[in-house]
Amino acid sequence: MNEQLLLGLLVVLPFLGFLFNGIRFTSKNYKLAGTVASTASGLCFLISLTLVAKLIGMPEGERVITSHFFDWFLAGDFSVSASFLLDPINAVMILVITGVGTLIHIFSIGYISHDERPSKYFAYLNLFLMNMLILVLGDNLLVMFVGWEGVGLCSYLLIGFWFSDPEKAAAGMKAFITNRIGDAGFLLGIFMLFLSFGTVTFSEIATRLPETAEMMWTGPITLACLFLFIGATGKSAQIPLYVWLPDAMAGPTPVSALIHAATMVTAGVYMIVRMSDVFVLAPLVMNVIAIIGALTALGAATIGMTQWDIKKILAYSTVSQLGYMFLAVGVGAFIPAMFHLMTHAFFKALMFLGSGSVIHAMADEQDVRKMGGLKKYMPITHFTFLLGWLAIIGAPPLAGFFSKDEILWYSFASPAGHWSLWVAGVIAAGCTAFYMTRLMCLTFWGESRVPKEVHPHESPVSMTFPLIVLGVLSVVGGWIGIPHVLGAIIPGHPPNVLEHWLEPVVRMLKPEHASAAVEFALMGISLSVAGISAYFAYDFYLVHKDRPTMVTKKLGGLYSLVSDKYRIDEFYFGRIINPLIDLSKGLWLYIDINFIDKMTYLASDMVKGSGQFLRSLQNGNLQQYALYISLGVVVTITYILMGS
Amino acid sequence: MGVDLFEITVNLVKMIFIFVMMVNAVPLLVWVERRGSAFIQNRYGPNRVGPLGLVQLLADAVKFIFKEEFVPGKGHRLVFYLAPVVALIPGALAFAAIPLSMPIELGEFSQIPLGLFTIDLGETYGPYRFAFQGYEIGIGIVFVLGVSSLAAYALLMAGWGSANKYSLYGALRASAQTISYELALGLSLVGILLLFNTFNFKEIVEIQSQALTFSFLGSQMTVPYLPNWGIIYQPVGAIIFFAAMFAETNRLPFDLPEAEAELVAGYHTEYGGIKMNMFYIGEYGHMLVASALMVTFYFGGYTLYPFFTPETVNQFWSETMGLTGNPVALLSSLSLHLVFMVKLVIFLWVFIHVRWTLPRFRYDQLMDLGWKTMLPWALANTILTAVVILIMRAAWS
Amino acid sequence: MPMTEAFLNVGLNHYLILSALLFTMGMIGVLMRKNVIVILMGIELMLNAVNLSFISFSSYSGNLNGQIMVFFVMTIAAAEAAVGLALAVAIYKRYKEINIRFFEQLRG
Amino acid sequence: MTELIPVFALTGFVILFGLALVFATSLLGPKTKQSKVKQLAYECGLEGEGADSTKVPVKFYLTAILFILFDIEIIFMYPWALAYKDFIATGRGLFIFSSMAVFLAIFIFGLFWEIRSKALEWE
Amino acid sequence: MLGAAIPFYILSFLVLFFAYKTITSPNPIHCALHLAITMINLAFIFFGLNSPFIGGVQLVVYAGAVMVLFVMVLMLFDLKTEVRAFSRGLFSSFLKVASSGFLAGILIVGVLMSTDMLDVTSDSVGVGVKATSSTDIALLLFNQYVFAFEVLGLLLLLVAVGAVAVSRIPGGTHAND
């Protein structure tokens, strides 16, 4: 089969699955629904593998597969076609999306078995998969935007999947509205790029970039990048638009794993990497991105230390990890960003699924204070979760270690980097180690605080199998991107496969004065910070259980500030949303009613009046009608004669 | 109408002569009818005034003119007076369009030989070509049909102008009957058109003046002893045409409009004197037209193939009688005209004979006959003709 | 004398002007008469005027399509007269009225 | 136009002739006193109401409508019959026949529908 | 020249005169009769315009059928001569007459202005037509307009059915009342 057809199938298969489940959405046959959806997803994964294999088979530097389906619209010189593009960057993405997606589909079969509307759930999942693939595969910004909006829609639908609970429905709306703000920014960015380049196709932008950059003032590009970044903050939950992600945990846990950890939230990162050629022309924006990323990583990590809800902790962890990725792209380390995106997808999906397994076992209990000692009830879940924990805190040689340290190294050494960014990253890494260890202690270790009526049990195979696979990936996933300095000392000298893979298509800002010694030193510092933090957490929550309260009391206001998530939501409501509502009300009550409504009334009155007049003309008098016709003829003929 | 005074005069005189012939045929026909009916009914008929009562009708005509003028009190004066005038028009116009003989082709001449002495004209006239008819119209059939369809106006005007309910009923019956039978009439002519492919009477007659010639499955067949008459191809069409013509003329057995028992005298109840006579002129004019059309369409017109055709007649006068020049043309035309008149008289006699033979229809029978019998038969005749032509001409090859 | 010439030299324009006048008369009849049937007659008059234009154009340009068109127009005019009169008779039989203004009352 | 002059002339002559006859009787005929009774319409002695208010069966009019429609259909057959052999000569005989066959099928259907629907019944 | 002009002017006069009488006669039957005369005269104009077949059809269809129907229908009606033949309303009447008159004027002006409408000289009546035979019309009709011809057959059928149906409605001509 040719590549174009396969690229199309990549989108068509999930759509067929969506149709199949969407049409019979009232069915409760979760096995059938899940099997169909998983099959669609699994076939996509196989296709992705085939495609990537083909890409690998191509000569380096020409690894591109394009597929043109139809011309979407034409307006003068400007044309947009519905076409796909597959190159090394989104090859990584489609593998992650379809691979992790398939595992999560399989996991969902068990997870959703007791639900009312399994068909609908799987229909949404497939729809999400389709839109995500459109987003990733689109060869121009508008096709990407279609996917961008589509995944937003699916996210909304899945967060509010249990819409009968008003809180969950509200969470869905919050996610959607927050995303709208970002989307508006993204759209503005597209417009700006179109203004600057006259095209929205990636390849054409890339070809026009050098000349444009030389002859033009980079202001518009900077502005465009800023807008695009706003879009990215919306989708990828960065400051200031991150508030929706913790609330998005209201959705089913596999959804959190797929959408809100592994794939959708990384769309912003992917987009910036895709547009990296443009972004490097706007150093100011790069700095902003780096700072925002660092702040997000730090802030979210600190909030994560104070949460008690297992999914909330993971959500803040996600925000924090996304902050890392933005820090990476901000300092020009696009390949480490993609690397971290991939490894994070593995271990965070693993941990979310693990937490889902726990929640499933605890009969929908999410508070970690009511858990503990689950290790003996759920050995597989515990073991895989353990792997995820090790990966995220950066224990070598697991996946997180390599990617995180790469990012930290670049934030220090890159031309766009700065030592303060590195410090923030290291502190965030410490916090990460702390709250993750805390999570492990409270959930799996120590004595059981499980209520008597709950009987925790190990999950079925359909749920543990994805956990195992993801656990393995969390261990080995990092080995494709081993940094050169480490590769140099490890026996066998493993190469940095990922960097090699992405290098031809991604322009990176290389550290100017790379020194192996400095790199090893920094690595050691961050490792030891993480280790110490982990130890402290272990000490606090398993050995000296009174210390947390003591520390809390000592910190006082600061602690409550952090545990209240820096009162960002309250700030938004008090300073932005409510004033906006008041302003709107004012506009409605005064301007709308007094002026705009009056104007519409005037228009309607005019229509009514003319209607009354015309009605008197239409009085049923045939001869009058004939007169009108004849007058019309007279006028027409007069006009024609005048013209000649 | 003509290039010089001579031609114009001849044409005008000829036209008026034909009209007067039509008008004068009326007393003659009435005499024939009365004598004939008397013969059929074993009576004497008019036999006092003149030899065989021939002058009776002349006396009647004079009497009509001296009758008192009369208009019904509530009648519409203008319409009442105009109706008989209108009644004259269709017959006259239609009859004038039918060729009564072949055209007279005159060569140049400067004197008129009249047997014993000649008139010297002083200058040379000619050559001329005088059609033996009122006027030549290319689309003769359509013209005649159109003109005779105007006959309904006279009836309606008479009935309405009289302000008499019997007149009105009579007029409506007459016109409804006329138009109903016009369908069968028109449809039966389609067969003739299929055969001859022309609207022109003269061409139709010329085609019929040859030996019977037709194609049989694509090959030409000729029967030298039979004339190429329409009746041989279209017997059913001829019967339908003739019957419809009876109805058109409102004569027995189709004289419902003047059914005495029901409607007094139909649409001319209130008419008397010469005005009533004018309706008769119209009716007999219609009869003349009908007979002339029968002759023209189905019986060879002014020719009778083996004996009287333009060629044979010409040959007779020029070779047997030894004449040359204009007299030959003149005499040939006149002799063919005689042939035509003989045929015409035969058909007129058939008209009269039928009138005194068949009883009158009831009105519903009349309409049923027109719509449910003759129209379908005419249709079948048309289709059959088309199919036969298709087969005989081997149209598929 | 060019004026006499123009009058005696009957051409296309003469027929067209005759057609225009005829059309106008029909139009006045349609617009002004009260009797539905007379209005139908006015329509017939207008159609005839149009037919006259068709025929004169056809004759002066040697194009027979005009005559075909007139043939069709006549057919349709006859059909229109048939239906129009049928309706007029139906309404008259029921309401004893053929004034066009009365027909305004017949709104469904 | 010129070939029509005889037609006009004949029409004019016929009209003049008719009018002259009508006029002649009114000149030559006896003038007697017109009385009301004499001017009555010949309606068996009852005072007639005049043609204006005579009620007429509407069947006449339905017959006339159907006549118009069928008359036009028959008029359509005339050009067909005229061109029939020309078409056959150019080898399109089946076309011309089938085109009229369709038309005639419609015609016959209409005729039989009218007969079946009793629109042509007189009592 | 005179030979063509005299019949034309006589016929035109008759046509216009009887058309005028058609729209002004107070008695509808007179209107119908005048219209019939108009139609007959028009038929002769068609004859004169080298279209004898159409002239004949005009005689058969219009004068012989349609106008007979009109006269018959008018005789069915219980019609008094209209006291006021024209509809009321001074202003609208003025407007109607004015617009009609204006239309006539503007059409005539338009005709006179566009002398080059056809590339024919005014005295070349029928020059472009070489022997307008009825067969030519027949050939054209069945070569180019076969479809329209069939459709018209269908239309006539529908009208026949419709006329019978209308006559069946309550109070109609064949209703059982």
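Labels A, B, C, D and E are assigned to the chains in the order they are written; within every chain, residues are numbered from 1.
Note that a residue touches a chain if its C-beta (ideal position, glycine included) is under 8 Å from a C-beta of that chain, and two chains touch if they have at least 3 such contacts.
Bear in mind the structure is a predicted one, so any value in this text is a computation, not a measurement.
*Asks:* Strictly by the touch rule at the top, which chains does chain A share as contacts with chain C?
*Replies:* Expected: E.
*Asks:* Suppose chain centres are the mean of their C-alpha atoms. Which chain sits farthest from chain B?
*Replies:* Between chain B and every other chain, the largest centroid distance is to A.
*Asks:* What is the chain whose Cα centroid lies farthest from the Cα centroid of chain E?
*Replies:* Taking each chain's C-alpha mean as its centre, the farthest from chain E is A.
*Asks:* Applying the document's contact definition, name the chain pair with more C-beta pairs in contact, A-E or C-D.
*Replies:* More contacting C-beta pairs are found at A-E.
*Asks:* Per the centroid of Cα atoms for each chain, what is the distance between chain C and chain D, given in Å?
*Replies:* 20
*Asks:* Take the average of all CA coordinates in chain C, do the same for chain E, and state the distance between these two points in whole angstrom.
*Replies:* Distance between chain centres: 5 Å.
*Asks:* How far is the middle of chain B from the middle of chain D, if each middle is the mean of its Cα atoms, in Å?
*Replies:* Distance between chain centres: 17 Å.
*Asks:* Touching at least two other chains at once: which residues of chain C meet that condition?
*Replies:* Answer for chain C, listing residues that touch two or more other chains: 10, 27, 31-32, 74-75, 78-79, 81-82, 85-86, 89, 93, 100-101.
*Asks:* Note the residues in chain D that touch 2 or more other chains, in rising order.
*Replies:* Expected reply: 1-2, 5, 7, 51-52, 56, 58, 60-61, 64-65, 67-72, 75-76, 78, 82-83, 86, 107, 114.
*Asks:* Counting only residues that touch at least 2 other chains, which ones in chain A make the list?
*Replies:* Answer for chain A, listing residues that touch two or more other chains: 623, 627, 630.
*Asks:* Let me make sure I understand the interfaces: which chain pairs count as touching?
*Replies:* The list of touching pairs comes to A-C, A-E, B-D, B-E, C-D, C-E, D-E.
*Asks:* Which residues of chain C touch chain A in their complex?
*Replies:* 27, 30-32, 39, 100-101, 103-104, 107
*Asks:* Which part of chain D faces chain C closely enough to touch in the complex?
*Replies:* Against chain C, chain D makes touches at 1, 58, 61, 65, 68-69, 72, 76.
*Asks:* In the complex, go through chain D and note every residue touching chain B.
*Replies:* So the residues of chain D in touch with chain B come to 2-3, 5-7, 9-11, 13-15, 17-19, 21-22, 24-26, 28-32, 36, 38-43, 48-52, 54, 56, 60, 63-64, 67, 70-71, 74-75, 77-78, 81-86, 88, 91, 93-94, 97, 100, 104, 107-108, 111, 114-115, 120-123.
*Asks:* Along chain C, where are the residues that touch chain E in the complex?
*Replies:* So the residues of chain C in touch with chain E come to 7-18, 20-29, 31-35, 37-38, 40-42, 44-45, 48, 51-52, 55-65, 67-68, 70-72, 74-79, 81-83, 85-90, 92-96, 98, 100-101.
*Asks:* Can you check the complex and tell me which residues of chain E touch chain D?
*Replies:* Touching chain D: residues 3-4, 7-8, 10, 44, 47-48, 53, 57, 60-61, 64-66, 68-69, 72-73, 75-76, 78-81, 125, 134-135, 137-139, 141-142, 146, 149-150, 152-154, 156-157, 159-161, 163-164, 167, 173-174 of chain E.
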